[in-house]
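Each of the two complexes below includes chain A, the first together with chain B, the second together with chain C.
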Partner chain A sequence: MAKRVLNVEDDPDIRTFVSTVLEENGYTPIMAKDGEEGIKKVREEKPDLIILDILMPKQSGIKMYHDLKTDDSLKSIPVVMLSGVSRRTFLRSQAALTEFGDETVPEPQAYLEKPVEPEDLAETLKKILG
Partner chain B sequence: MKINTMLFVSEFEELWFDALQSLMGLRKCGLNHVVFLHVIKREKVAMRRGTGFLKQEEVKLKEIADIRFIDWAETLFEEGMEVGAHIAIGNVLPKIISVSEIENVDLIVTARIERGKFEELYAGSEISELLRRTSKPVLVYNYLSQSSKAGDDPFERLLLALDWSVSSERVLDLVLALSGATKRVEIVHVLSEKEVGKLSKMEAHKLERENKKRLDDVCDIFVKERIDARPHLYIGQTEEQIKKAATEHKSSMIVLGTRKKSIWKEKWVGSIAHSLAENSELPVLIIPAEGS
Partner chain C sequence: MSKLLIIDDEEGIRKVLSISLASDGYDVLTASTGEEGIEVFKKEMPSIVLTDIKMPGMDGITALKQIKEINPNAEVIMITGHGDMDSAIETLKLDASDFLNKPIKDDALFVALKRARERIDIRTKLKAYTDDLENMVRVATEEVKRRSEFQDKLITSSNDGIVATDENGVIVIYNYGAQKIFGYRRNEIIRKTNIEKILPANLASEFIDGLNNEASANFSEWREISIVDKNGKLVPTRFSGSILTENSGIIGSVGFFRDLRELKRLQEELIKSERLAATGQTVAGLAHYIKNILNGLKGGTYVLNVALDKNNTDKVKNGWSMIERNVRRISDLVLDLLTYSKERNPEAEACFPNQIVEEVCSLMEPRAREHDIEIRKHLDSLVGEVYIDPKSIHRSMLNLVSNAIDACIFDSSPKKQWRVDVYTELQKDHTIKFKVKDNGMGMDKDTKARLFSRLFSTKGENGTGLGLLVTDKIVKESEGILKVDSELGKGTTFTMYLPYKILSGEGISQKKQITLSTMF
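Moving on to the complex of A and B:
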């Protein structure tokens, strides 16, 4: 059975790009357009991996990542960050959330900065999902 | 009333990151979420004869806005804040209204929005229309026209103009919610010269006493919250006197409410809040009447 990958991304062009890469590499894409919808889809669909953008309406990827990794039932799902926001900022923001009293969270399985080449994305997914 | 989420509307020509940073004093009052909105005017990418819809132009403008917002967001994310962004094409006003509702924001921050002269003549200004169509507090941030630096904290010295209308209570609630960011509040009520002129000397004194008492009562509320507050009674034309008071007391922002009026009455009679938002050099925080 094809592995299911949830892509949380507000830009429709990037959603189409990611969806194409996923299908071409034998994965089943699931789409969400912001963090709020993303977390809902994670609970409903229990995907095998999440590709997560950061700067989005309603709920950012920073908050969604933190919520995922502090939820016992969801924390084992691997996450690949795909964003224009730098990895350094992402790590600092997670540290800042920890500083404000929240639980410490592990780093994501991979961090890809936009724009990403289709081969790099496919290879990253293959490494994690096999 | 609370301010946890702020909508920051930027055309990138008037409100820059330093304007946003100057509002970070609001973090002391609970601000933890900033939503950016940039609206690309339709005419910039609209269908043209011979070229059709300018898709490439749309992609380019969206990309530019995205790069700017990412840069701004990185600073806020690193401070542990939540940040969201909307980049849209269309008319600014409907987008402000819809995003403010989708994101359930507590405060809208915008600069003056330019409209064509003809459009302004029949439809009024965008700010007036925004104030009519939202019940959320709106901060019209005219910081570039100020002589002060953009880095100054606009919430530090407030001029609170009260007209004792129903909306005054909402205004008071909001200003009290800002207490963490505020050092001093000048509380001003303006008596109309015309109104006072009709009264006998005794009646005028009575009116003065009544209003001073009300101002003192409001001051006491702030003093309880450990905010330095001073009462001031002015006489004259309301808008002029508010501006005068703000200058005299070196205020960093004017705060006032609006009264609920019909669109036609407002268009022809005008509104002090709308006029101040359009003309004041200081930032103006307007709390629309409930049910706007």
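Moving on to the complex of A and C:
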């Protein structure tokens, strides 16, 4: 059975792009356009992997990542960050959340900066999902 | 020692008088005829002359006349014989000093000479006084002249325009500064023109009222006034004036005009250069935005290639719309940049503003629908075909509606029905009101304050911060008004007023001409 991958992304272009890459490589794409819809879809669909953007309206990827990794039922789902924001900035933001008393969260499985080549994305997914 | 001339044909008299007068201290000269007397007088210029009236040849009266012609100040005493009384009186009319009857008595001679000397003395003193007085007057006049020249120079060389009138409003002072502002030459104005001719009507009537009743004039505060110069051009100035009084009577008025053209030009240049600088600073922010567009294009190409390989029509559509969308984003960006960095005058043409608004709404519709945002149009059917710049409306409305949609997308309040309401409304004063109202996230004070500052965007990489700057610039260039009203969490309303010209029959033919002229 094809592995199911959730892409949380506000930009419709990138959603179309990512879903095409996913289909091309034999995964089933699930789409959400912001963090709020994203966390709902995670609970409903229990995807095998999450590709997460950071800068999104309503709920950002920073908050959603933190929520995912501090929820016992969800923390095992691997997350690949795909963002225009650099890895360093993202990690610093997670550290900042920790300083405010939240749990320390592990780093994401992979961190891809936009723009991503279709091959790089496919290879990253393959490494994690096998 | 004063010289004294005796003219007498009788030698005896000359001798007796010479001796007695020489002993009195005079330097005595004698002549035996009138002619000789005149010669001696010319040569020696005595101050006193004693002359007989009756003489052979030139008589004493003729001699008197000639002497007085030579020197009107000479004291001439006539010597008269018995029965010469009529002649003697006549000589007084000819300005003789006195007359002595023959035989000459010493005491009478003494008195006559004493009077003559006194008159000479007085005249000398008088002359000294007069000279002194003339000198003083000359010095005073020079001082007055110097002061007035100084003031004249002060007035003429002032960079500010100075215009002064007499009590009737006739211009008496009009310096080169004024000439530069009003455009009329000094010689067409000074003492030839009334103040009403060169001032705008309301200011002119203030002057006239002020000249009639000083209390009614209130000039002293500097204020900005636009002057229409000789060629009909508007000249911005700062003005201050005053009514001139002397001994509580009104004697005239004066106005000071500071030319603001250079200042305004500098201000505009500053704004322009700031705008260019902003464009430069935007580059960094823009690079991100453009990178996103390029990624969209690249992604679209990838999707399109996959779709073509698989012969998947749906995917072809997806890929193609990605490319289309990003081509539009980049062309919008380029248009915004051009509009923002260049001076541009709105080009009015006949068009239907409502139609343009419809177009903008349908362009934004797909994006709105994707996020469940409803665009509602409320277009005033009274807004018909008018003369206005369609590009200005399109550009600014596109920015405002697109912002309104973003405000809904970024609204994090729990699910609600987001709406963007777009209004047009005909106004009384040849203006159309365009209103874009959303019930999205709204703005706090801080955001509102930074709204029109350069590069400010709340949209991260999805915004350049250019949109509102461009809209603001377009509205200013169209001499319109842009207003914003916003409440955090409630929504935002942008209202834009743009002036238009009515399309008369003439207007339509004018439009054809313009179309023709732009074709060639």
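Basically, the second predicted complex is superposed on the first by the 130 of 130 C-alpha atoms of A that agree within 3 Å, B and C clash if a C-alpha of one lies under 4 Å from a C-alpha of the other, contacts with A are read in each partner's own complex, and residues count from 1 in each chain.
In this section, a contact is a pair of C-beta atoms (placed from the backbone, for glycine too) under 8 Å apart; a residue touches a chain by one contact, two chains touch by 3 or more.
Being a predicted model, the structure only gives us computed values, none of them experimental.
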{"item": "Clash or fit (per the criteria above) of chain B with chain C on chain A", "value": "clash"}
{"item": "Which superposed partner A:Pro115 touches (first chain B, second chain C, both, neither)", "value": "second"}
{"item": "Contacts of A:Gly84 with chain B and chain C, given as first, second, both or neither", "value": "both"}
{"item": "Touched partner set for A:Pro12, first chain B, second chain C, both or neither", "value": "second"}
{"item": "Touching partner for A:Gly26 - first (chain B), second (chain C), both, neither", "value": "neither"}
{"item": "Chain B versus chain C as contact partner of A:Pro57, first or second or both or neither", "value": "both"}
{"item": "Partner chain(s) touched by A:Ala96 [first = chain B, second = chain C, both, neither]", "value": "first"}
{"item": "Chain B region in steric overlap with chain C, selected from 112-120, 148-156 or 256-264", "value": "112-120"}
{"item": "Doubly contacted chain A residues - partners chain C and chain B", "value": "13, 55, 57-59, 84"}
{"item": "Chain B residues touching chain A - in the complex, by the definition given at the top", "value": "35, 59, 66-67, 69-70, 73-74, 77-80, 82-86, 99, 102-103"}
{"item": "Residues on chain A engaged by chain C in the complex (per definition of touch)", "value": "10-14, 16-17, 20-21, 24, 33, 36, 55, 57-59, 84, 114-115, 118"}
{"item": "Partner chain B, residues of chain A touching it in the complex", "value": "13, 54-60, 62-63, 84-86, 89-90, 92-93, 96-97, 99-100"}
{"item": "Touching residues (chain side chain C, partner chain A) in the complex", "value": "288, 291-292, 294-296, 298-300, 302-303, 306-307, 315, 318-319, 322, 325-326, 370-371, 409-412, 460-462"}
